[in-house]
Amino acid sequence: MLSAEGLRHAFGTGGERVVALDNVSFSLEAGQTLAIFGPNGAGKTTLLKVLAGLIRPDAGRATVAGGRGAIGWIGHQSHLYGHLTVRENLLFWAALYAVPAAIRASRADATLRQLGIADRAEQAVWSLSRGLAQRAAIAKALIHDPRVLLLDEPFTGLDLAAAAEFRALLARLQGAGRVVVLATHNVGEGVALATDVAFQRRGRFVHFAPRGARGPAQIADEYRRAVGEREGEGEADD
Amino acid sequence: MSLAQKGRWIALLGLVLLAGVYVRALAFTPLERFQGPAQKIFYLHVPAAWSAMLAMGLVGLCSILYLIVKDARFDRFAAASAEVGTAFSLVMLTTGPIWAKPIWGTWWTWDARLTLTLFLFFLFIGYLLLRGAVAEPGLRARYSAVLGICGLVLLPFIHLSVYLFRTLHPQPIVLKPSSPSLPGSMLVTLLVSFAVFTLLYVGFVTQRYALALLREAQGREHA
Amino acid sequence: MTDLLRQAWTVARKDLLLEFRTRTALVSALVFTALVLTVFNFGRDPTAVATIDLAPTILWVTFTFAAMLALNRAFQLELENQALEGLLVSPLSRTSLYWGKLLANLVFVALVEAVGLPLFVLFFDVPVGRVLLPLVGVIALATIGFVAVGTLFSALVIRTRFAELLLVVLLLPFLVPPLIGAVQVTARLLGGRPLSEAAGWFRLLAAYDIGFVALATLLFPFTVDE
């Protein structure tokens, strides 16, 4: 359902050339959740952007069954218009994602309920607290019932309770034959959800295997050894 | 011989020949009846304008090719051509007033050629400014290509606008280079000058291109 | 094709909704137009040059600058709301994005002109009654040209420093042909000359519009992607 073949991509030239992707290849079937761990600057965001079709790689190919319309993206940017209400935002994005007009409104309401912000539907996004705004951003990502979820550091800024809620939501979404790719620099966050684990360092996958029976501590350990740096440290920004 | 050296030799040859054109124009070409000695700058003025046009045409062409093929060489060539074009436009814009003053009594006239070259100059400057404002090379090449193509498409509209404008407001008539009324030896001087300027264009662009290559290579070494 | 237009309309509608919610950009543009017209009044000597001779220039220089101010808004809006990435991740075609922004920009500038024109008539006592229809026609033609190229260029400059300034520098040479055409036609209209005299300029304006809308549509996809 999702595949990457020989992806290579670099930014800049000469002295400032940064290799973000170095021969990355893998494929995922429905039901798989890949957690990619790597320090900042390892190329995780670039990989997700290539998968989403935001960046055309210098070499190689990425294919997602269903194209852009099948992808739900949660990243650093909110994708929400501050001066529109939550519902207006959702309806706008639903229209762009070709959700049939007849069911747009009901889908929006359902998604708002799913995220627990139905009571904020008519509130302008700029007036929402950070946590609620983040939930609205997640609602936007899910409005079109995407088969593929690409999540770039989705736990950033979430407090413990919100993070737990998000994990629970992800667990529910994982089931229905979706593919989830989750990139994070924090091993603890994504491990429990993952069916497969990859470590990315300086653009390459230095590890890619099913999680199997490994727990967070074990994976954190392997990560440290494979990547050679402590969690949270890194080079330049992605 | 490296590319830069080749370029240097061509440019040098061009400059030598340019001196020859000067001499021929000043000493061996007859005086134009109505305009006198000041008219002689025409032999530099017109070919310089032509070279600027050539430069712009090639920027446009390379831009199109770059967007189709994404080969960095086209981008490099377009950038080199734009810089050389800027220089030639500037030459033309400074010789123009020097010619206009003794003949028309004014430093500047909005005649077709001067106006077109002024626009070329603005387009080149805009192109170079855009390049300067975008750091990432892939993005820079793409953006420049878009601007380059737009600039090329703009030229016929500028030409048409100026032509329409002038038919309403007749301005000093400028000698047309291919006018059949140009006597033999003047035509020869002019044609030679065209050839020399084209040679200069090739020489300068080659050098500039080589310089760009060198800079990129140096950058890679430092990586 | 209808999908393309429908999506473009979705984008345009969203832009216009936002614009009316906040109104800052619109009001600023309107005030700017009024101010420029005022400055023009004080920048001339009414005893030396008849108003009617200067009028077309005043009108079109004002509209040109107002249009340029309005153009930055289109993609600045997306950046401010962190939404550009969202638009690019979605199945929205780049062409629809361009047409949507073009449409929103056109409506915006049209609103500014709809207020600017009466102000112009008021301030400079210019008789437009008889020629209102063709005048609106030429305003529309020239505006389409300005905004078509301007929307494309505004996408070029979003990721650069000094975006607003760079946009103006890049754009002005491209505004000259429609500007010349507009001024010439306006002068003939205000001077009571027959329209047939301005036929060549009308053709120029139309050709420019068709040419650059097509070119911009073709080139836009190369501007927004990373």
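A, B and C are the chain letters, set down in written order, and residue numbers restart from 1 in every chain.
Just so we're on the same page, a residue touches a chain if its C-beta (ideal position, glycine included) is under 8 Å from a C-beta of that chain, and two chains touch if they have at least 3 such contacts.
Since the model is a prediction, treat every value here as computed from it, not as a measurement.
Common neighbours of subunit B and subunit C, listed by label, are A. Greatest Cα centroid separation from subunit C: this falls to A. If you compare A-B with A-C, the chain pair joined by more contacting C-beta pairs is A-C.
We define each chain's centre as the mean of its Cα atoms; on that basis subunit B and subunit C are separated by 32 Å. Per-chain Cα centroids separate subunit A from subunit B by 51 Å. Between subunit A and subunit C the centroid-to-centroid distance comes to 39 Å (mean Cα coordinates, whole Å). Residue numbers of subunit A whose C-beta contacts span two or more other chains: none are found. Among all residues of subunit B, none touch two or more other chains. For subunit C, residues that reach two or more other chains under the stated contact definition are 226. Across the complex, subunit B meets subunit A through its residues 135-137, 215-216, 218-220, 222-223.
Only residues 49, 52-56, 67-69, 71, 73, 75, 77-84, 88, 92-93, 95-98, 140 of subunit A touch subunit C when the two sit together in their complex.
Across the complex, subunit C meets subunit B through its residues 149, 152-153, 156-157, 159-162, 166, 169-170, 172-174, 176-177, 180-181, 184, 200-201, 204, 207-208, 211-212, 215, 219, 222-223, 226.
Chain contact summary for the complex, subunit A toward subunit B: residues 11-17.
Put simply, subunit C touches subunit A in their complex at residues 7, 10-11, 14, 17-18, 21-22, 80-83, 85-92, 225-226.
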